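Both of the next two complexes hold chain A, though its partner changes from chain B to chain C.
Here is the complex of A and B:
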């Protein structure tokens, strides 16, 4: 009786890594291209994109994509410390309101409001979250889910900072180029900075806190201080995005605390693959233009993000980026069993 | 006097909103952030059954409770089973499911004054200076009855005890012969069905608005967190604290403070004692 011939997939690493993640043996130009292409391609693409979408509608989409990519990166950074946030809108909104408020009430110019909003907002968020840093897992997530809502309602109730009307006619960017390039450079710095940071000793501690916080404590490391630093960094990125958006829109209102700014970055990061930063960027750069194409769906877009989020969690839990990375670094061939 | 009466009805309303959520998330440890969405869906299904299919009120109510209960069961088998154990992913997935349900309902336009569920009995009664419609009296009755049933269910019946068992220690529960997947799915189904029951009691007081899908989730979270997720007395105490706070604030300040009080209570309790006033099982897991 003829046995059915069966195959299984065998994966073989490409033979370029010599010893560790950072020591390579480069023997040919091909190896160099293999190694550097994935690093430089996104940078070049991002820097060139504004030339292709010069002005108009798609430049706006590019700007949005960068905004949400920043938020997704900041989510991913917090998630890699084990702080899963369900409220990136908090950072976004705080940054937006600080820069908007400074500009509206004190007539500060843009080159002052954005840095102040970035650092001041991050400091504010860190102090705010400091008391709940001890919470683990889902309890922390619930606090972050509630806080943006609380702020939105506080602003409405107290009628401060423009109340329900928001702050109007803020200073715009001198040119569209500046805003888009600020956003793009922000994304590039965060993307590569975070990837570098998380593989350093500092990042090692952060990942350790995610895996087992009590072991890190037993190692004599003050995990609250590290968590606070991580929130400050993530907060600064989120606030920067908020501040940019404020001046881009020339308006800041309660909508900056809306669920959109939480769900879309989350969906992007989960779709792209959490923990890699590149995944978060790829995910948002897929989702935001997609949602613009599907603008005709109107209110259904939020539902679409929800569907994508569920699908990504269930079907591809490792995320797009890890999948692509694996295909890039490994050959696959069928081996007869 | 009015404050006491309004406070009691408001508190029981809150307890009613929270009861299904506490059963799933608190008592059996399965996050169901689609609670508010199911509440809304139940109300709208009933409306469709009554007004478009012409089914009598009682049958349409029972039908929508059953349908949403099955939907909760399906949510577990279809979605949560694949993510079991990663609590945060479970929360994200159910929250996403809630967003999908609510936004689709919003898109289909189920919101506004046309969408009103019938009251059980029309009319109202005058107690002191307070006007109380019969619906609210019914609501208090249903709420009290459900809380008593829930208490005996989770402390006396086999199924109820297994709900609590899988939340306390899933592996031990399995070793004692409890099918944890089946129990968790059942608990999600019961919780969703209770959300619809709450919806049928509360929604007739106003018109259906899709925004309540999110609001109910927040109220349920608030009650669950303040009281301690796993305890029935906690639900009662928390809804009375929150209910009276809301009424006092709404009476002496502005009505807008109502939501701020609720949200503030959640953040405060989470920061100070995350397992809530009555919670005790999770104290080791919640923080470091």
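Here is the complex of A and C:
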């Protein structure tokens, strides 16, 4: 009697995953594609996108998406330490005003203003938030919500840094390509850098603070120092975005402290799935172009926007990325018994 | 080793509003000693531990550890000096695999100073520690998410987390509560072994029979006051202890 060849289904990820997250067993080219495709595809897509939009309106949208993606990544990083911020606009605005101010008053070139705004802004924001680091949960969130509004009002009432008019005709980027690619590379570095960082020992400590800060304290770790480092990192990313935006529009005004720069990244991160960084990126890259498409609807835009967000939260509370990731892990192959 | 004071608590008091949770408690501890703290519910055992480890600031009094005044210092500073504590309600980072829970203390300045657990080695150190405490390295247990572990394992994970800090003084807050008899029987020899190897241990516990098997000295708290201090036999024969702790039922 000829024996029939029998197959059974096996999940691909079970086969290639060893006990820990960082070691894989690859036995075929297919395994390798399975493992690397989700890592390289987004990089390649992001790098190719500027060729598809070729300047013009949609290039602006792409650049804008990158800005919000950076803010969403920055939000997600803070959230993974348990610091739920309602004020990414603070980082964005501080970065924007530092680079704008340096360029306007001291005539500094772009290649100086952006790095100074990134690091200096992050330091400034960290010092600003240092005193409220011991606040937990909603109290911390409230302070972060107030700070950007405070700055916007300070600039308006004291008429400093250009007041209500803002700082005009700042140095533009030498080429559109440079600005877009700086933004895209920024997003890629943050996305993969954060994913790596959070799985390192340093990241474990940060996640521990979110889970149970008393255990971290009992483990001999100064949680305020680590929270401050997390804010510095998140702040640097937000300030970098602000600085890029300033030179892209050659203008900086109070609007950089607007609630939009807080709400949209947060919505993107929630839609995409917080805690994964990939989710925050995917979410903003859906929401920002979508809101541009919806612009034709005028006043209804915000309403429809809200409906989409609520629907996403109800249907996919875990977020898009976690859903996709789960489905991807469930891919099966036939294995000969 | 012997006859060297490691911990001295002087007139320690903590008021929460009108309630005096810990009332003028003093005691001292020699290196290598094994002290049990017992007392009815609400007698101030956990508050006393929180006061020593810095999680609660005392109203008055003084705590000295290894001749250093640690009264009211931040918990992480006290931990880094070598005082490691477990939590009554087993706390853990539930989403992380069990062994990754130990990375946090292994990452602390204390362990770095003591020269253990460099980059890339911490996972191995963590798994070694867990293996010693009954999380067999070849089984799936150390790699499971901490949140999926049974209660007894969580308590032992908490103990492993304390040991990862390489403490000089280990303070256990009701380690055995909620543990099965078999788990207690398995854990007890490990704690005894730590003590034999020179570790000073303070253990607040409700399970007296198990506690009395390992400890030579017991301190009794009632309504925040220290009412007795001595060998288990001495202490349990005192009338006020029997009244406070056991109520009217007097066991032989």
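Throughout what follows, the second predicted complex is superposed on the first by the 298 of 337 C-alpha atoms of A that agree within 3 Å, B and C clash if a C-alpha of one lies under 4 Å from a C-alpha of the other, contacts with A are read in each partner's own complex, and residues count from 1 in each chain.
We take it that a residue touches a chain if its C-beta (ideal position, glycine included) is under 8 Å from a C-beta of that chain, and two chains touch if they have at least 3 such contacts.
Since we're looking at a predicted model, the values are computed, not measured.
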{"item": "Chain B versus chain C as contact partner of A:201, first or second or both or neither", "value": "second"}
{"item": "Which of chain B and chain C A:221 touches, first, second, both or neither", "value": "second"}
{"item": "First, second, both or neither for A:211, with chain B first and chain C second", "value": "second"}
{"item": "Partner chain in contact with A:134 - chain B first, chain C second, else both or neither", "value": "first"}
{"item": "Which superposed partner A:299 touches (first chain B, second chain C, both, neither)", "value": "first"}
{"item": "Partner chain(s) touched by A:153 [first = chain B, second = chain C, both, neither]", "value": "first"}
{"item": "Common interface residues of chain A - those touching chain B in one complex and chain C in the other", "value": "214, 217, 223"}
{"item": "Chain A-touching residues of chain B, taken from the complex the two chains share", "value": "31, 79, 82-83, 87-89, 91-93, 95-100, 103-104, 106-107, 214, 218, 221, 225, 254, 256-257, 259-260, 263-264, 266-267, 270-271, 274, 285-288"}
{"item": "For the chain C and chain A complex, residues of the former touching the latter", "value": "53, 55, 74-76, 79-80, 84-85, 87, 91-96, 100, 103-111, 119, 122-123, 143, 161-162, 164-165"}
{"item": "Residues of chain A defined as touching chain C within the complex", "value": "19-20, 201-202, 204-205, 207-208, 211-212, 214-223"}
{"item": "Residue ranges of chain A touching chain B (in the complex, touch as defined)", "value": "84, 86, 131-132, 134-139, 141-143, 146-147, 149-150, 153-154, 156-157, 213-214, 217, 223, 259, 263, 266-267, 270, 298-300, 302-303, 305-307, 309-310, 313-314"}
